[in-house]
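Letters are used for the chains, namely A, B, C and D, taken in the order the chains are written, and counting of residues starts over at 1 for each.
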């Protein structure tokens, strides 16, 4: 298929490369042109504007946040103005449920298609075609672009006809991880004050009940108390929890754990955590417990 | 070694059987004698009173709660009165930190030893010698009875010289599981109201970030909404969260997630959940969200 | 002074009337013209557009929410385009801290003045000139329009040079009231289940520690369990708590009580409370406690 | 009437003096005899043991906590062993609901009466006969000792036939005060970071919505940040919130505000607040917000 790709960060670059490898005809756009050139060497054409990447059957966006996506879609010469009738915008960014809903409506009015397709996985998984893709939108639209999703991940979950449902699922993922961080933080504060070594404790926990890598990864960071440099910075954690709460607000779903986490992130950011990894939230329980 | 074993429930029977298999000389006691007889056929001697099980180098207790352990230790003809100087009481029950601390003191005053050795694992793991044992107490005492712990589990973690530290670790385990239940309950309430099928959502979650069996097990119960018969009844969940909070109180460690969970358990029990599995706590977020 | 007044709801009508009584030359604007006519009979001139009300030394806005204020200020022929250099926009609506900050900036750039002056008091207090006015902004601007504030309330608090600080103070007021509602709701759930009559309990509470009318007013509603018709509707309560949380977010101030209240409001709205008084939040604790 | 009085602290001394003034025949007991002597000069007889104070129609206890009351009632030569059939134990201490229930049962079995009669008011109110008395118990018993309650307070509320209901009401009072402390703490953290002077803010709040002295008293302490010497020490605050939560546990009433307060008290005590006034809980929100 003929496909555009906008947003060549750590995730986007790997995904676009896999589209090329699968034999698709890919046109890439990135605000900083140098990243586009790296893909050109793999066979991509380079677009000079977002609109220039919209000439084919579909265009992916993999951008930082609501503002970036909104500018790219609604701006002069943006996606909405450039995409052909019947062609699809595949939105893989972590954006708000509200924006995703509006995108579905506005593309629909323009005779275009919209598929929300956020992914689970880190940059290395993106490069290795190991992503999990959560796709939602009108089934005809999703089916038509399925080969593209198959080309970028190990498995695609089609979870709803409502595009924004995929974004809710994506947001719930970071929410679940954040609850793991907080729960380990509290547990370690407790056993730590009882005199137990936190690393040894983590070994008990991960050997027995909680083998999932997320426990080992974040538990090790919390036990070590080393939160810089950030893998995923605290302000981004606050943003995603905020998006989950916003979704809960709109759907009328109270999320007390998310509320607690939001307060934790604010406490962290108010006390010097701007540049720390979001797992630093897991250090607050110990601080409340008087640990130096 | 010559060892007594008091408390032959689902867990205790399997553990005692493994002590016999390992060649130890085991005397068992159970309030309901029939369970002791089952072990007699495997080679155990039967004691008529708790005290009769205390003639050897060590005695295990694997009982329901603080009251049961307290009665067995402090009652007439109980362990404290019967155990030889230098012999050890190995306490594997899930009891309060406070009681464990008192047991350590009182056995110490009597010239006896005390090792807290709660276990992680279910009855089938106990029977299969697959338990993880968390042991704490004076290192000489722990070392001396190590062969017994090796006989009942796949691995022993020696985590502190303070016996009660092992109980804190054990309590933290059920606390962590309960946070998983609550977090899945909230996430499913959110995605459910966004129109996503809960079972499919769980498949996304467990395929990607959360492969640990605890997510699959409890997530399936919550998605299915079927909480009876109870594998682990809600009142027991409340009890264990209460013990964790009590430990936090005594050590001056605030545990906001545990506080939230305690309130959830009370809500559940106030609304007909007495006989439900503790995972029913994971249904409350959806109820708050207005799900029928 | 020559002054405009935009927004003649229950509050605005009383305030505008007091400006007239104090001898000021008042031009009023309201989207529904009939309300303006009522004031014309008291001596006001009627403006046909918001901009027509901006010819004098100052213009008040007393509108429903951020959107209404934003439209009136930034719309074609709005306040920003119409107000003379040196004249002041006095904003008495309950709006977000963020909008208030932007208004201060934009009026400043246009050579205009901006004073945030939200009020405490109900419509009857507005009519009786019994309001308390919380004013903030550059001191010269505040001082210049002080006679107007003196004309509408019993006391003016000048609390900051930063206009938006007044909005924070206003939002904190509804936050404090909401905490009273929740605390009474929990206390009554507790004593109610202990067999105490809630109305008698309220008499104990208000006779002893809590004489403030807010306890009597909301306590009576909660004890009676009658939440319709709404004096202040639940969705408005959610809105104001949301604005307080938003202010906390921007200032990096975690507000755990506000988080808890937000979840309560969502629970209420998800379960049929859209048309109920916000004090219905005080019924949720009893519901969680299993009260029919 | 012939009446004993056990516990002559700040509260008890004032109450006992009023019983004497009302013409009752009062025998007092206090562990530290000197306090009893002060009352002897006002006409009281001095008892050498708690039991010696139990010869009349009724005996009051006004003691520090559950342990003190329990020892005095159940100890050798205690109240239970000494009180005549038909005579009443009037319990005015702030004790647990559970102990109050047990006292009602045990006195009942002994043919004695039990009235729970905790009071609202500080020592100066006790001395001035301005207390509010919350009484509960079998109505015949309460009626019989009513003249005694009339002698010590300005008003008696008879709120239930179940004695322990009075204790629930008493505990709810300190819970409500603690919520005021926390809510003011959060509100001040918010407005403080917005640049508003906290004392001036408090004046706004208490002039408008919250005239009750409790707001002025605690707000002034929080705004001033001076928490020593303690009027009511933080550990006592934790104790009372703990008793409220315990009552909620037994009655199956979740109290999320009380849970939050408990965590706040633990945080305070873990960070050097052992000797501070309980209003220091109101400083924690500002600390979380990064205020120096």
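Criterion: a residue touches a chain if its C-beta (ideal position, glycine included) is under 8 Å from a C-beta of that chain, and two chains touch if they have at least 3 such contacts.
Keep in mind that what you see is a predicted model, and the values were worked out from it rather than measured.
Between A-C and B-C, more C-beta contact pairs are found at A-C.
Chain centres computed from CA atoms place B at the largest separation from chain C.
Measuring from the averaged C-alpha position of chain B to that of chain C gives a distance of 53 Å.
In whole angstrom, the spacing between the mean C-alpha positions of chain C and chain D is 38. Annotation: 38 Å between the Cα-based centres of chain A and chain C. Across the assembly, chain A contributes residues 248, 252-256, 260, 263, 266-267, 270, 288-290 that each touch 2 or more other chains. Those residues of chain D lying in contact with chain B across their complex are 242, 248-249, 252-256, 259-260, 262-264, 266-267, 269-270. Those residues of chain D lying in contact with chain C across their complex are 97, 120-121, 132, 134, 155, 157, 159-162, 164-165, 168-169, 172-173, 175-177, 179-180, 182-184, 186-187, 189-191, 193-197, 200-201, 203-205, 207-215, 244, 247-248, 251-258, 260, 285, 288-290.
Only residues 263, 266-267, 270-272, 288-290 of chain B touch chain C when the two sit together in their complex.
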